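Just passing along the structure, written as structure tokens.
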């Protein structure tokens, strides 16, 4: 890193008004000795000004309470936040929760899984988000060419691949799913997190775990045999079919349920939609409560309730990564990076989410010990959809968007794809200028 | 070829009692000058004895009428037919039409496409057929090690890959779909068949046409733009969505409708099932009529009615291929062969169906000019299913069979896969000894 | 082909004053029925005006004698020759025989093989030729964008790769070595040329023959065991070491002697240089004699003496290729084309010389049955040198040129490379403006 | 690791009578806290009994002096040493220094580089060593199937590849060259070794350094520009040609001098041979002096003079590696491992020497940031020679051995190869039973 360690780092958080921000601030406080932050810039857009102020003040109280000289700045001016930054993180939602609501709702209406990061919902989120992210990249290229961009914005795999393909910004995509599994594994076997090493094969939100080393011994067969399964806390946990699991020879991660249990998941979502509204509605209520808490001037640390929000350990993952990049730590983390030849049947310039060694030069993906034959087709199918989606987002070409939608495994036919695409593009018109230019 | 051309060739037709045989005989008669057949052995099993005799006698009358010294032999003894043969063709249906009926019926019952060569139906057909084919290969390895095995038995791609992987027999898989398109293209543009050259990308029954040269000029865009489409005669023709076609940039062949129009195709099949029974029932009636005709001792040539049967130009494709292998003709034919590195993301030992130059050493697949990004995922997904199916057929392993079924794009979930697999294996118990061994 | 067959083709021969031209004209005359030439333009530069006139008049007499309406035009204006051409052939020597003399002489002086197409001599020839060829390409791109450029100019592999990499011109590189072997094989076994099919593995002038089918049977082991060897007529034939040949399991072609018998070849060249001057001197004398003959107004056909010149069957190879491109003949020819993935360890955009099927769209290289492990290193080493040479030729960068020279297997060390490069660049200063720009 | 850490590890050192052993013992003593050795078995053959006793007693005195409970055992019985071992190291010289003398001498006589690990000398060393190593592997497979075999025996790349291809033993090959460069780099820039990270591209003793990170910044251009170069202490240091270095864009390691400066190296070796005898003679004298020292009962630590021997930091590298394997340390080390797809043009099962992350499961090679085009040919050529040498060693086939020799870049022709091979096989007859079986 080019920064002078004595002076400390400058970090810009795009979408700084997010309810997750206190977790990130907590992380910076805890690692201050190894990685001193000089300036922390929280950036948001006009629509987020109110939240930004609430969260920003909490952040300032947290830093003060910790007695650290971190300068927390709030701004609506993205460019001044980015200028000279060492790290830029992005955690944002183009179109706000309202757009997510539509992403979840419209597909369900047509009999298709409606989900924030995969399927037609994820696709529309990508179409809205990629142009904004690339716009931010233009600023980084100009104002902070040596900065690392850490991307948490979903769909993280697509967003990361878009940046890798269409900008010169150094970027890494991050998901909390791997760190959650690592913690789960360590807890399950009563060892420290440092003593476990799972092997992840796949792409963001389409992951299989093919080995689970605990103190050097692979416990995968044991885990598969018992039908145990790792589940994020924001969904009902339920068991995989044990015959399926044994014959798969790998542990599917949570989002694979949309593909392997499409019927059940669809039914659940539909029912839940009728009862509780979309997941967006639920999140919306949780966020309101959180911001009420954040307003309390006596609150000077991250409130427990944030953990219910669903993004557990995001901040830990992010701070871990910055720490390794900054100190050339060379530890192993599971990250979204350029494929190179790691998964040999996917394009070299695709993003994948695999174990990497993180050096000061960035994450170096590790060759995989084993890619089960079973999963290659599904993995390739979803990556095909992702790459087409990026192309559509960048060009605004409806034909490419149609191909992306048609070739998504959750979309049952060309005619459903066409209907969904038409309706969803229209509903997102405001955020998709390139699709509606004259 | 090792045969002495003066003495002529020995050809063994496994499943010789098939209603298609007269077409093959007609082909041999027409090409006699370039490729003299000395002995033509029609082989069948005990259950097929009656049909074999009817067809065999017709074949003998046809040869006599043509005044050619082809010795047509009928036998139930496969080994004597194979011994010393130059060519062995396989065209058979393990479990007869009754099994096909089940392959079509059971999936429909569970809301899944029921089809002879793809989906769960095609999978069960493969599980029944592969062990029988490999058994025939053992005979060929012993009794006619230099013979070429020409395989028309469906699912032809899977059967060919099974032989390539599990025997030393020289084999090629054949489908009539490419020759039909070639004829269609020539007719459409008013040129000779020799003057057209389409490029096929994919695997058996999962094909995209990516170029259509007519006298050296590519007419593909013209064909796509007009929404024209090629269709086998055994199905209702209907137009592809023109936006889809244009954005695909390739012409999908018939069987892709099961994947791209799953909902419509399912509805049609269900309706047709209720009205006319399965396609197996229809074929059954056609065959009965054909055999009535074949019995007529005054019939001395292939009857016109055979063309309604649905396998148009199979015989022409087969005789074409034998001709090129025998005379080192080095022309271009579209065949099922070992991938090598032609489609770079599929396994080297997978079968693919692409343009090949046919020399005396066998077909050499031609590198593809272009594999559209759009189709890679779907193609990989279906090939994954195919390779798993072969492994299941050879091992009798239910776990592998479950993985094959789960990862077929037409099967909506693990639970449907499990139900279908259980019911279909049970219904085919008689033909699947390796799945039911103690 | 876009030309109207009724009107016939326009062919431009760059370097039309070459002594080879009568062979080419003879070829056009013999194939006139299948491939009617309307206009044949012979182009040369000012220094070649005299030769052009002699050869051009002979060509006109040949055409007249044959009674064909081919319009033979002589010009120093390359652009009018190229405009609207269907085929452009290049057969030229930048720097004339004087430059070849230096290419052969200087390396010998420093203890290194001095040869026209390989080693330091071939490298300097490439540095002189590539810029001129690319300049011609600019004209073709502008004036005849649909033309095929057939390149015979040596080093043909490098020149072809340069065009493939740095222009949009459709090109094929041609050498007479494969057609010579084919004729040799046919004669050796008393069959027609159509009945043999050798498999060539490698790049121009660095070729191994790995199969030699004669009527469908591979005769390679027979040929290797007997120590037979194919040799061009312009060199002393001598036998390969039989143990070497057997363990190699392939037949090395002529130019491999420079690599496998470096010491003997060097000694021979040195001795011959002292006795007869360089090969350039010999050729110089032969050409003088030929042009004396060509002047004879009674000569109306290709004189027998041309065969001594060393380029036997060049014209046949060229006319063969045009014929196949023009008529979509789809026969197999051995040509210099883009690698694609055919030789999997070489770059995709490298040129290789392998069997191709020639369609109207161009030559499609055939996958190789076998690339012996033994030869991979040497093949890769020479291709590395070739690609570096192209880069040096295009950029005029001395560092790249040094790397090319250092990594050529015939150059023994960095210090020899540096000495040779310095001296040879200086000697070719006139033809290498990009290396000597201010 | 399966050993119970409380009980400590068992290590077997094959070739334990080597003069290097005290360095290894010193390493074990220094790391005892992190990696406690319970039993250290020093094994040798009958001819080495005398040396084994001298070195073994020194080892025992060193351990006693350190006050550690390491049980040092001396044995001629390899199997008892291997049984149940956690680590087996091999450091041996089949044929002793006498054989090395011949490896160096005979090639020089025929005008070819005579060197212990590369060229014809290295090849004969490999032919002698591979069968013995594979014999040891048979014992490990039977008696210590979970052991890691750490191989220092030269030529380490070939020996490691032989084990990877022909046994099930878990193995890593080790050279001191990378650790030396790392130390050099750290010293040069005044930082700790932990703060540097060079990138090595290549195979054992054929290495290019393509990046040299110091505190995260790449200093390579700086190093190349200055013409600095790293050199092992057992050779005269001299500068690379600066133009060559700059245009290469990488730092060649020591052994590349044999390829890039063949003429100079040959002249030096020849002169030195005449003056001082072979390098084997020099080593012989150094070893005699060392063993005189080792005999001294008052010597209780590694003597300084050992550093003159030329194998500096071998022991540190070895103990580092064991430490990481034992503790799952996940640090980066440069090791000889299976290629996988890391260097994409070399066979997957070749050994390469690159940066690896060392986990408890073994070293995982890191993808390379850059493989310069310039070096690919030479690298492939030498690897071709290596793989052929292994095949020759395992089969005893003279034809394969001839191909290996012919295709080594330092061997100028088939005839020289044949002469050298004949003479060198004969001279090593005693150690090459498979080449001389009836």
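Lettered A, B, C and D in written order, each chain numbered from 1.
Rule of thumb we're sticking to: contacts are C-beta pairs under 8 Å (C-beta built on N, C-alpha and C of every residue); 3 or more make two chains touch, one makes a residue touch a chain.
Remember, it's a predicted structure, so these values are computed and weren't measured experimentally.
Asks: Tell me which of B-C, A-D or C-D has the interface of A-B again, with more than half the contact pairs shared?
Replies: C-D
Asks: Could you grab the centroid distance between chain B and chain C? Build each centroid from C-alpha atoms only and quote it in angstrom.
Replies: A distance of 45 Å separates the two centres.
Asks: Can you compute the centre-to-centre distance for chain B and chain D, using the mean CA position of each chain? Integer Å is fine.
Replies: Each chain's C-alpha centroid was found; their separation is 57 Å.
Asks: Which residue numbers or ranges of chain A touch two or more of the other chains?
Replies: 344
Asks: Which of line, ring, star, complete and other names the graph you get from chains that touch?
Replies: ring
Asks: Could you please specify the touching residues of chain D with respect to chain C in the complex?
Replies: Against chain C, the touching part of chain D is residues 240-241, 243-244, 246-248, 260-264, 344-346, 373-378, 380-385, 387-388, 398-400, 402-403, 406-407, 409, 412-416, 418.
Asks: Using the touch definition up top, name the residues of chain C that touch chain B in the complex.
Replies: Residue list for chain C touching chain B: 1, 195, 197, 213, 215-216, 328, 330-332, 340-342, 344, 357, 359-361, 364-367, 369.
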